[in-house]
């Protein structure tokens, strides 16, 4: 069975996430990059295709529209099967819309769109298209994050009471006028209504939802823009009340100086509790009321079949960010191939909920930190 | 110079904190326990004095009033110099009031009183008495907590932007009808308006204030009582806005299953950041914008004179909870002896602010999580 | 510039390291697997090629000899450029010998051969061939391991005095008759004179040599075979004296129950010291005589250009075992492409020294733990 | 029941361990310092007694002989019950000998004497005296070290196979001519035949013996003196073979730059394994063949009665070096009071074995690293 073929939109010179998508998508030998529209500027797209991705010039397209048009004409077996969208947020919708219209499955970076309105519209387009749409909330690909969800689902935690999710970065602690990654993330015209909460707060929300399965009932947010002249939030805290009585707090920041990419999740139930952090991604600590804490390990004895399926290496051979990211692509590709048992990747449902979260967080904060209903 | 002498109110059979006060007060060889009123029940007080504290029967008093009356009559050199109050919260004020009236200095467990009103009244009594009053927010005694404060004061952090303080315990995750410690802490008649936030949330507030020196401007709290039938909060999150623009969040819980006594503080400034946690109490991680993180160690090279003064052992010989607690007693005793350079212990000023915090947190939560001004 | 093409010998059903080589070699987009001889049994080779590696049947060869013969005939641009040897140890030499004879570069798993004699012979063959030969001591690919070497080279440590290297696994704590990986590693006919020290002790030696640049002068070893009936060592400790006066100890075990793959290196110099462990692979702790410890981080501020070149992701996005492994392939491929600045991969020189280490360790232990000269 | 009374020999100005003994002995309210001979120089002894220990001048004696003579004359209830010996090594025997002769129990710092010959002689004196003799190998006082021993005794580890004990310090990485602690420890006339191995290697041996109960059968040592002009070892590694087939290695160093006081113990059995380190003294990791690792915690659920008896505080309230040290005093004092269930402190048996270890380690190293029989 041949590898699936994909094209990439975005990921040109100076980008970070484009290469991540390429490495992640190809890691498990199920897919290969065959084309792309790497920049809105045709020459830069071509040079990126050749220099970064080692593609023939003909398949480094001058625009995503040109790519979809050309690939559509290629025979199956040559043309791309799906497109990866790794652009700034404002371009997600137009690219996805055109991909779906021209018959290509989509893997899209998060947040899914520029606005909730767009997300809802996209959801309809996807439903009508019959095509697959994945959203790269990549932290859900870690084996121990999936183990956490398994433990919640198994009931071992009892009723969930408290959730803490902290996602702290420091790279935007200062204005970063020369940093291409910083520019668009702090620009309302490209990022949307939120900065930090669009970029990483949305990951935190997704992680909480993925692991706990809880629905937010209402929330109260206090966002800040600490760097002078910054138009979007670079930091914030959100209190959450979940349906059923659990409480939670998300702290997200991009001005947490010295923090690199610290994502940490704690879930406390009536019978047991979980703690996971990306800095020790291959461990999951489980604590109990009646016995000492246990440390589950990726690939280790006693982990669930679900977690084992998201593990490539024996325990103690650390898997990291790329492997977690790759897991989503693996699940996406297996789904495209018709494997009904796969499919464990975030979809437009997560995307819509995520955009609602972003917009309600901003609305709450703009209202001075009022509690707003959610959903 | 002879040791200072002290009496203890509370700390009878089944108590935990009484022995802690005794060990902490005596550790540095500056004070010794000479008497006490260990229980409201005279026989139990006497047996505790003899069995637990190895005191002569005559100085295990039947009540704190009896103790103050008797000790007052003893000649200096025999009679106690100060009293330690280690009772449930509702007794702090009456004992302290009588101690001050009869001429004894006071070391009092936290929170300082049952209510803010009492705290304000006590503040006046202290001022009029000319006596010393210390409050055992013991976490401020850790060398690395003091180092953190020194670093903030030195300006190395720049302007503080974000503060996270997490204090999580799990021991009240269930109803604990047989646990004496649990009983009074969950009883509004003895604990006051708050449960978890009176007991440990107040420590978190004090720690934040101690290290940062920031003033809370307003706060928004969401408290919960997760255990059926519990009348006081056993969990909560508080958003804070500080004067000058910094933001913060305190998470405190006593239902965080499996968490023992996890106190963790993060402070992010415009130029550097700090992280400390009790589980690794002898380290302080300092992160910078422009260079790799540095780990300060209790007793280690490069720590401040202030931190060194709160260190008894060479680096790598772990000092723990008792040593931190003892540091407050050391500072208190040196102050009583007239050492003007000492005095680094929480006072009624912290007590009043702490009670205001407790009451505003409860008020905010009771109002559905509204923002309330502070101070 | 097109990707380099490679074939794989070994890596059939039930193998672990074959897929690792495939993922590592392909990660950076510089190479792609095009053929292989995955099993000594032709049908199993073919099915592995198709099922695991998604190759056309024609290029899943019935034997490595058949592969070299056929690939030699293919035009450049189609045929493989190099071969990856991922077989049990006894097959390394015959496969490598034939690869060199038929004009293919080689990447070979460790230890390089079955015996020192073979390694020396192979060294000559390589020299005469003019082809490139890499040895996958993959731990040298970690950015922070390379940072460690940079710090040693920079002189910041002063004169090295003490080296501790611990490599502990527990997966062979029992006889594992059903485990294909265990079978050949404990079989003298396939593994060579050493078990644990051939498999992982050799990694420890290589890591020490790579980071410190020190030459072993003499050594004293005490090996054990703890599992009943096991013919080769499954555990051992080796004392080392280095030229110039430094001392060291390597502890390696495959019966260290519960240890997964714990590799830990400590180097103490006269002016500074280093500590690295795979469980926290993206950190390197540097300790000094005169100031607090500093934590270097992969991708972090202040790391060397060499370490940055071995880093794909921003700091805080964990890179793991596969990425470190991939780094060797990246350096190998860049070398094949003529990049003179690359070439940072272990070679036959490491292989020969490693085999000498293995044989002297076994000889010392067999002599009751006598000190033997080295080199 | 009144507190036991003790005198201290050593512990004058500039000493470190004297105050440690005082704090440790007094912590649990069972003993109090009443006298001492703090320096060989009478005036300095007197000023130490008054300034450091707040004793009356009359009981700060001019010499240990004067102390024993005077205290012997005091009525029971006033006079000291036991003496604490906290001098350099060469004085342990003469002080202990005189204490026993004049009827005082002894708590002695380690190593027990200057030489094995002295230790054997002291053993006889103790036996004839009928008095109690404790040896402050203080690391055996940690609750989790005792838990480790309980787990070994329970059989949960199966047969022990491998033991690693690492005790690394860096404070003697340079000549320290001004440091009183360094002076005597590097002086053969006061320290004995060993430097690092007398000071901390002996702790490692004791810890291994305490937890495993194994007997060393033979050993092979390689010691170094890295600092120019140093007469005694400041670093070394020792291979051990235990009766019954287990193997072990002790690494000890005082030139491990940046290491503070890092003591780490790993024990691997056929069925489970243990890991403890002083830097995380309140945890004990237990690993198994068939299930995930478990973390035992001081004061935590599921710890043994023995460990609970060595715990003063609820889990999560860190106990450190002083508390572990105090545990030996607690056990010693309870024994003096006739509590037959106590007595869990190292004795002259440990002292004799420890001196034999020191002398054989030095002999092996002096013989070029030969294996020597032990015991």
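Per-chain numbering from 1; labels A, B, C and D assigned in written order.
The working rule: a contact is a pair of C-beta atoms (placed from the backbone, for glycine too) under 8 Å apart; a residue touches a chain by one contact, two chains touch by 3 or more.
Fair warning: this is a prediction, and the values are worked out from it, not measured in the lab.
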To get from chain B to chain D along touching chains, fewest steps?
-> 1
When each of A-B, B-C or A-C is compared with B-D, the one sharing over half of the residue-numbered contact pairs turns out to be A-C
Quick one: report the Å distance separating chain C from chain D, using the average Cα coordinate of each chain.
-> 42
Expressed in whole Å, how far the mean CA point of chain A lies from that of chain D is 54
In whole angstrom, how far does the Cα centroid of chain A sit from the Cα centroid of chain C?
-> 34
If you look at chain D, which of its residues touch at least two other chains?
-> 259, 288-289, 293, 297, 300
Enumerate the contact residues on chain D facing chain B in the complex.
-> 1-3, 16, 19-20, 22-23, 26-30, 52-54, 169, 171, 259-262, 278-281, 297, 299-300, 312-323
What residues on chain A touch chain B, complex-wise?
-> 161-162, 164, 166, 168, 170, 173-174, 220, 222, 224, 226, 235-237, 239, 241, 245, 247, 249, 251, 253, 255-259, 266, 268-273, 286-289, 293, 368-369, 371
Chain C touches which residues of chain B in the complex?
-> 288-297, 300-303
